[in-house]
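Shared between the two complexes below is chain A, which has chain B as its partner in the first and chain C in the second.
What follows is the complex of A and B.
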């Protein structure tokens, strides 16, 4: 009986895997089979630079998300207060907001005459900080939510025990809570990075230039057509896949 | 036991994946060649029909109104519109093979260029538009700018302006055409240099005509302190609203619909006057993909793709679009409709639409009983060359003399003769009547549309040659 259930689940699971695999494999393979265009794009400095810029911006966005998101997550996991539900709901909003709306909202705040932009010495419009800020906005919920779950799963009694033995709150956080929740935080960071990589709609509103990978894919589709944009998309996918596999291996080793 | 389980699960997962993959899901090459025209149309009368209308972004508002009206008239049809740049809209049909019932483009020429012959074989031109400069009352110098000084204002250091990416959006290449045409109009050969060349890698080469060369989008490299380039004209709207830019080039319709203030530009540069194509033709834009866009009046085109799933309903939709009701909607929203709409291949359009359109130019090879006479009245021999009147009227400007409008006569002569000042001209009617005039005389003359009669401003009525068939130069 037990085996039957597991086999049924395995079949359903396999179908889900196919659902993910087929479109991706189809995209990558059909791009690679179109060898000439694929090589052309793979050796195109502009394309590679844009992918690098995507990676870098997404990484910086993740770093910022980590620095500001993890403390908030810890706070939410440990404290109960009036209006907490509201805050938790608020954190999820960027995931729901249509990307272009997010872009417009950011433009009105970080634009040259925006609420913050007019006082800022950093330039956001058509500049890398604009890309990062758009990525950060749409992706920060992931690291906050994952980390909060991580901290919630850490037994408070462990922290209390450490406190009774004279450890400072910061020391407890650093030596007990953070390491125990690390796996969640790490996965959250990876998700944040991934979400940042994939963003397009919000970014084109605030920073069409310099062009990141997703902007180039869109532009190639508009100017030269599906073949060229598919090639860039495939290259981007392959790079992302490599990064993902590498990160998974890394965390497995750590475990 | 645990091991057996693991192996078993692995085998099942791999087996399912293998079966599906081997059944050929991965490499599904689409044949983009011939698309069957025999699409089932009996989906009608069976509950709700989803009519897919893909259109240029700048048609969003009027088509939303048309949709409302249409759904009122046809309760069982749900119109689903999808807006994008015109090029992208067509590519959704030709490359992504989406099911589309109606395609409306902001550039009527794109339909024959990109969709003929596999995806469509007719284009109905139904509305026009023109380029204006939009601003708000927070834009720098907004209360100084006008039709005559706009290019001086845009030159100022503390003014930032925008236009859309010419590679992605017809509004973009039209905007830079306008800036180039402005050099001719205002007699200032630095307008394009100062506004475009200095701030981007878009360059113009001018002799008698100008070719503007647009590099790859990544290399346009705009000076983002001075200009804002966005993929689509609609994205510039948020730029203006957030005061990121002071001005941007945009279609009149969008400016009207967004309730922006805007400066109307002279018809010689705004690409809005179908009779000024000869002037607009002086500029063309070479895009990054190698395509060359000729300066032409802005004309909206609509077609029903050959692979439309709901042909019958699509025809109804287009019918409403080009009917009196549709025209009224467009009129109110700043997109002057063409009345009647004009079609290129009248034999290919659905029969229900024929009463609403006229054909662009008569087919030349249609045999008629009185072929010789038809030839005589529809063509004009100029020196060694022969032109149809349609060609002449589309390439030459119109003038008005003694309350009659017609095609400028000197322009007609220039079409056929290289150094027109060197000759005098015998204007010959079909009945053999002829009069001789100088080139200077022809500069004050027109060829009227009806009766092909020549009319001069300064010469007696005896010079009004009727039914002119030839202009013969002599030294």
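What follows is the complex of A and C.
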């Protein structure tokens, strides 16, 4: 009986894997077999720069998400207060809203005539800060939620014991709570980075230029057609795959 | 001296109501109560982990505004609260490192306390792979190495096996005395309490019902709850010596035999269910046999079928027998009676 169940589940699982694998493999393989266009794009400075910009912006967005999100996560894990549900709901909203809506919302604040944009000495529209802010907006819920779960799993009594031994709250956070929640925080950061990498809708609304990878794929699709955009997509995919495999190995090693 | 004055606090479903306590330097103070009585919260208040109304003084100074990390109070939790991300040595070092001691000093102190607690061989181990007893020792070492003024123990024996319990008990008594600590130990176990306490307090639903020396509370419970909670009948104090593999306890000139081989001043308990009575002399295997007179016959609330008979055999022994046995034996006040109980039925602590 148990064996039958496992076989049934294995079949269902295999279907899921194929569903993910076939389109990705097909994209990469068909792009590579179209060797000339693939090489052209792989050696195109504009393409490579856009991919680099994607990676860099996503990294900076993750860094900002980490700096601002982790303390908030700790606060939410440790404190109960009136309206906490509202705040937790609010944090989840960027995950749910359509990306174009997020883009418009951000434009009303960071746009040239926006709430902050009109006073800011940093330019957001058609600039790297705009890309980062859009990435940050859609991806920060991940690091907050994962980290909060991590902190919640750290027994308060460990922190209490550390305090009685003479540690200040910050020292306790640094030496006990953060290291114990690190795995969750790290996974949250990876998810945040991944979400930031994949963003397109919100970014093009606030910063079509300088072009990041997802923008250039769309741009090539509109201007030169499927073949060129497919090549860039494949290159981006290969890079992402490498980074993800590397990160998984890192997490495993940590464990 | 630790003094708690009118301490009150409400925390979720837990509540402390107007707690007043005084614990002298060098006093081993046990707070005893059921789960959920508010014991742990009271300890955490002393440690500074909750906001409360009322005052706590240490040596006459109100510590209400002293932050936790400056109170110099050692707190040992029931589940040890060892830091899983640090190994044994780093757990013990934690408080010393914060105090910025030199590395050599830290190693010396860690070495010393580890020797006392017999955990030197564990120093490089991961804390998650240890037994309960080992964890408890490390937790104690970590709290004691910073040389606290007050040691707070939250059910330190509850999760341990009887042998380990005895070892830790002996250690607690010793270190408490050596360092002239104020120790506050909370437990739900009455026997544990009287075996350690200089003084004890009974807490129930967030209120201290009675404070005093253990015998005093036992002999003179001021409320029904205290009486029920301390509930053990037949608790005595005597002097025990071991002869030919059996302990003989002298209490009021009467010799009680026990298979628990503790020597010196001891307390002991005999469960009333474990005492046999008969109208005629019986030749039996029971080591303890006495002739006495019935001094009291009473019913037990909520136990219809059981009669409590108190036999004065030099010491007053409470005996529980069934109603049928009571009727068949035709027992009367002042009637002569023989009592028997086995040496293994005498619980010594």
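Just so it is clear, the second predicted complex is superposed on the first by the 251 of 255 C-alpha atoms of A that agree within 3 Å, B and C clash if a C-alpha of one lies under 4 Å from a C-alpha of the other, contacts with A are read in each partner's own complex, and residues count from 1 in each chain.
Rule of thumb we're sticking to: a contact is a pair of C-beta atoms (placed from the backbone, for glycine too) under 8 Å apart; a residue touches a chain by one contact, two chains touch by 3 or more.
Because the structure is a prediction, the values reported are computed rather than measured.
Participant: Looking at the overlay on chain A, is there a clash between chain B and chain C, or do the two fit?
Facilitator: fit
Participant: In the superposed arrangement, which partner chain does A:162 touch: chain B (first), chain C (second), both, or neither?
Facilitator: After superposing on A, A:162 lies in contact with chain C but is clear of chain B.
Participant: Could you look at A:35 and tell me whether it touches chain B, chain C, both or neither (first, second, both, neither)?
Facilitator: Neither partner.
Participant: According to the contact criterion defined above, which of chain B and chain C contacts more residues of chain A?
Facilitator: In the superposed model, B touches more residues of chain A.
Participant: For A:153 in the superposed arrangement: first (chain B), second (chain C), both or neither?
Facilitator: neither
Participant: Mind working out whether A:120 is in touch with chain B, chain C, both or neither, as first, second, both or neither?
Facilitator: neither
Participant: Look at the superposition and give the distance in whole angstrom between the closest pair of CA atoms, one from chain B and one from chain C.
Facilitator: 23
Participant: Could you list, by residue number, the parts of chain A that touch chain C in their complex?
Facilitator: It is residues 155, 157-158, 160-168, 171, 175-176, 179-180 of chain A that touch chain C.
Participant: In the complex formed with chain A, which residues of chain B make contact?
Facilitator: Interface residues on the chain B side: 5, 8-9, 12-13, 16-17, 20-21, 25-29, 85, 87-88, 91, 95-96, 165, 167-168, 216-219, 221-222, 224, 228-231, 235, 238-239, 241-244, 287-289.
Participant: Using the touch rule from the top, collect the residues of chain C that touch chain A in their complex.
Facilitator: Answer in residue numbers: 44, 47-49, 67-75, 77, 79, 81, 83-85, 94-95, 98-99, 142-143, 146.
Participant: Would you mind writing out the residues of chain A in touch with chain B in their complex?
Facilitator: 3, 6-7, 10-11, 13-15, 17-18, 21-22, 25-26, 29-30, 33, 46, 50, 103-104, 107-108, 111-114, 125-127, 204-205, 208-209, 211, 216, 218-219, 221-226
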